[in-house]
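Shared between the two complexes below is chain A, which has chain B as its partner in the first and chain C in the second.
Up next, the complex of A and B:
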């Protein structure tokens, strides 16, 4: 059973939480809602679940208008950032609770609880209480509880945020496998672009209560419709360079002249913004066409096995991602190379005009 | 090398030692001292061991006071705990309504105990009291100075009126500390209001309710002001609870030895019950009880 949102808006007082959202969610597909905090991700989930009533607009489930139908009458499962379980019930009873309320016979409950627990690798913890488990195990219990009833829609609101890095990776992988076996609509919110990329499926990029772009995840990543989408959906971060395109090249002041490519040469002369992800910069030329940008090192941070170098050139500052752990002296001058075909080009309004060709 | 002298930490905890010594240990030791001696006057004291303890423990009137006390504290907990939780559940969650409720609840807690006694004496007087006169007009004879039952009802009403707000405030604080998502999750499961209370609210309030229960038990077990102001322990001995009886022995009869022994026993009883309650409540819901 799919879900349809038609022109849904949500106001709390005079504050706008969601503005004119229209979405079509297909059964058996996975949707990742990506956006920074306060983008309206949770508000959207709450409306999908039926926990909140939209101020305007219609919600349809399988073609039937369910706007304002209580969540009690909708067949959904939800997992939260916090680890929400019944504190005084054992893990077994926690997972069984939605089935008991539905009046499922106890022999079937037993089988389904064990199946769900097995899927999340907590079958050895069924006698324990939630407070006796680690954070990761508590969240596994909450996920098992959401999965145990055959839901039409499974909503996960940043479920991995409160877990440590290792556990997050582990659970993310397992979730991907579990989601793959489901017929239900899965909606997953996150603030992390990497998480969206790993989970695949479709992505819905949100910003300040609006949907900026939606579509298959890789497609959106490769062709962000606007600078805002590129900013939200870039990890490593994207660099923006204000340029002036004339007949010869894309210029920034007197220092930089990026040769025009086949696509950019077709653009009328004027002001544009170039965008490049920091992993497309390199510290040595990779081909004869590469252009050098000279700048001064402002800061170098090491993240895992990568080094992020912040450097300044004139008024602009950029970030370069470099493989491996390196140390840099602040104030040193370095040269950074980029291929002219690796730049996104946005117009003055921030709309995408040219995306890099990825078959290069 | 003398580590003791180098260890400045001792100076930091010394003030606490001194305060605890003067406020608790030394007075307590004085009581212990009295409880094992027979004192006739300055310089005339004899060590008599556990004689006073034997005497006190075989005192029939003390037994009566103890049973009376246990019944009273038991009833107080049975009424105040559910009532307090109920009030907390019915209170508005936010807005001016919740502030108003909090202020109204806090009022009885702000009134000095002797004023409370006076308020209730007047309130329940059979001739001019609003409550007493009204009950009498309805044809139910009510006079706390004559009927032991009426005296009990009055003391109980005072106690419940005075202290249920404390339980309600603690329970309310406990309820407010439960994140909204728990209720959402329960809604999604389709849980009933009873299930939400039983499996979310009650377990989540366990900590504050333990404190409320211990406080209310200790306080009601040490009750003195209410019966003292109302009837001084009467009519007869019907509201002579442990502390009233203790004061009668210590101040009325000036039997310091037995009174000291009594105090120690009293103290140990309170301690024992608190420990039992605490253990029982810690075990609830952790699976240890089976």
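Up next, the complex of A and C:
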């Protein structure tokens, strides 16, 4: 059963939380709602679930209007950012609770609870209480409870955000596998672009209560419709370079001349913004066509097996993502290389004009 | 050295606290002649005569029974009305919610004597004078607001998402409330019951005015020990000791949660 949102808006007092959202969620597919905090991801999820009523607009499930229908009558599963379980019930009873309410025979409950617990590797914890478990195990319990009944729609609101790095990676992989076996609509919200890319499916990019872009995840990643989408969908942040395109070059002041490619040569002369993801920069030339940008190192952060180097050139500052652990002295001058074909080109209004070719 | 000083101070404090209670116990085990005759730190010829009189005389022990009946009724009524009210205050926003919530507490600020006359008039009209329910209802005046405040604090400590999860799982509201929610605020209910018990148990003015014989509370009965021949010290002390016992028992059960109750559940 699919879900349809038609012109849904949500106001709390005079504060706008969602503005005119229209969406079509197809059964059996996976949707990742990507956006920063306060983008309206949770508000959207709550309206999809039926926990909140939209101020305007309608919600249809399988063609039937379910706006304002109590969540009790909707067949959904939900996992919150906080670890929400019934503290007074054992893990077994926690997972079994939706089935017990439905009046499923106890032998079947037992089989299904054990199956769900097995999927999430918590079968050895079934007779403990939630407070006796670690955060990761508590969240697994919550996910198992959402999975145990055959729901039409499974909603996960940043389920991994309160977990530590290692657990997050592990659960993310497992979730991907579990979602693959489901026929329900899965909606998953996150602030992290990498998480969205890992989960695949479709992505809905949100910003300040509006949908900026939706579509298959990799497609959106490769062709962000606007600078805002590119910003939300890049971590570390995407680098923007204000340039002036004349007959031969995309220039930034006098220092930089990025040769025009086949695509950019077709653009009329004028002001544009070039965008490049930090992982497309490199510290050594990768091909003869690469252009060097010289700048001063501001800060080098080491993030796991990668190093983010912040550097400044004139007034602009950029981030380079480099494999391996490196250390750089603040204030040193370095050269960073980029291929002219790796740049996105946005017009002055921030709309995408040219995306890099990906078969290169 | 520092630790020892602290213990000395605490021991002294404890002694000061317990002295009147000990003295009452001491007196309750002596005869009137003995009490008035000499000063004794402990009863030399302990006697249970005073206690026997209380347990043997219906006009005495019925005072305890009456008190326990109306205190229990009041506890039940207060909890049954405060639970839904506190849930509404903790979970829903409605017009004037904060004002109503504060207004509830102001009921505790007024001295009960203010309500004495209207209550007497009202209960006379409805023929409720000298019944247990009359006292139980009158005590709701200050116990229900208190119960709402304490329970609201405990309920707000339970994440709203638990309610939502239960509804997503398909629980109906009453089933959720009884099966999931009440167990989560057990401690709060215990503490609330204790506070209702305490305030209802020690209240004298309303309880005495609204009763004559059939529902007369123990506190009113105790005033009978004053007569033309003077005070019946031993009997009064024994009745006092017996009045402390139920309170001490209840405190024992909620001892771990009392501090949170005094902070109206907001710790």
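Here is the rule we go by: the second predicted complex is superposed on the first by the 359 of 360 C-alpha atoms of A that agree within 3 Å, B and C clash if a C-alpha of one lies under 4 Å from a C-alpha of the other, contacts with A are read in each partner's own complex, and residues count from 1 in each chain.
Here is the rule we go by: contacts are C-beta pairs under 8 Å (C-beta built on N, C-alpha and C of every residue); 3 or more make two chains touch, one makes a residue touch a chain.
Here the structure is a predicted model, which is why all the values come from computation and not from measurement.
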Would you mind checking whether chain B and chain C clash or fit side by side on chain A after the superposition? clash
Quick one: is A:90 in contact with chain B, with chain C, with both, or with neither? Answer first, second, both or neither. first
Just checking: does A:332 make contact with chain B only, chain C only, both, or neither of them? Give me first, second, both or neither. neither
Using the touch definition from the top, say if A:222 reaches chain B (first), chain C (second), both or neither. neither
First, second, both or neither for A:7, with chain B first and chain C second: neither
Winner by number of chain A residues touched, once chain B and chain C are compared: B
Touch check for A:106: first (chain B), second (chain C), both, or neither? neither
Touch check for A:129: first (chain B), second (chain C), both, or neither? first
Overlap of the chain B and chain C footprints on chain A, residue-wise? 49, 51, 70-72, 76-78, 80, 82, 84, 86-88, 97-98, 101-102, 145
Over in the complex, which chain B residues touch chain A? Could you list them? 179, 181-182, 184-185, 187-192, 195, 199-200, 202-204, 285-287
Along chain A, where are the residues that touch chain B in the complex? 49, 51, 70-72, 76-78, 80, 82, 84, 86-90, 97-98, 101-102, 127, 129, 131, 142, 145
In the complex, chain A touches chain C at residues 49, 51, 70-72, 76-78, 80, 82, 84-88, 97-98, 101-102, 145
With touch defined as at the start, can you tell me which chain C residues reach chain A in the complex? 159, 161-162, 164-172, 175, 180, 183-184
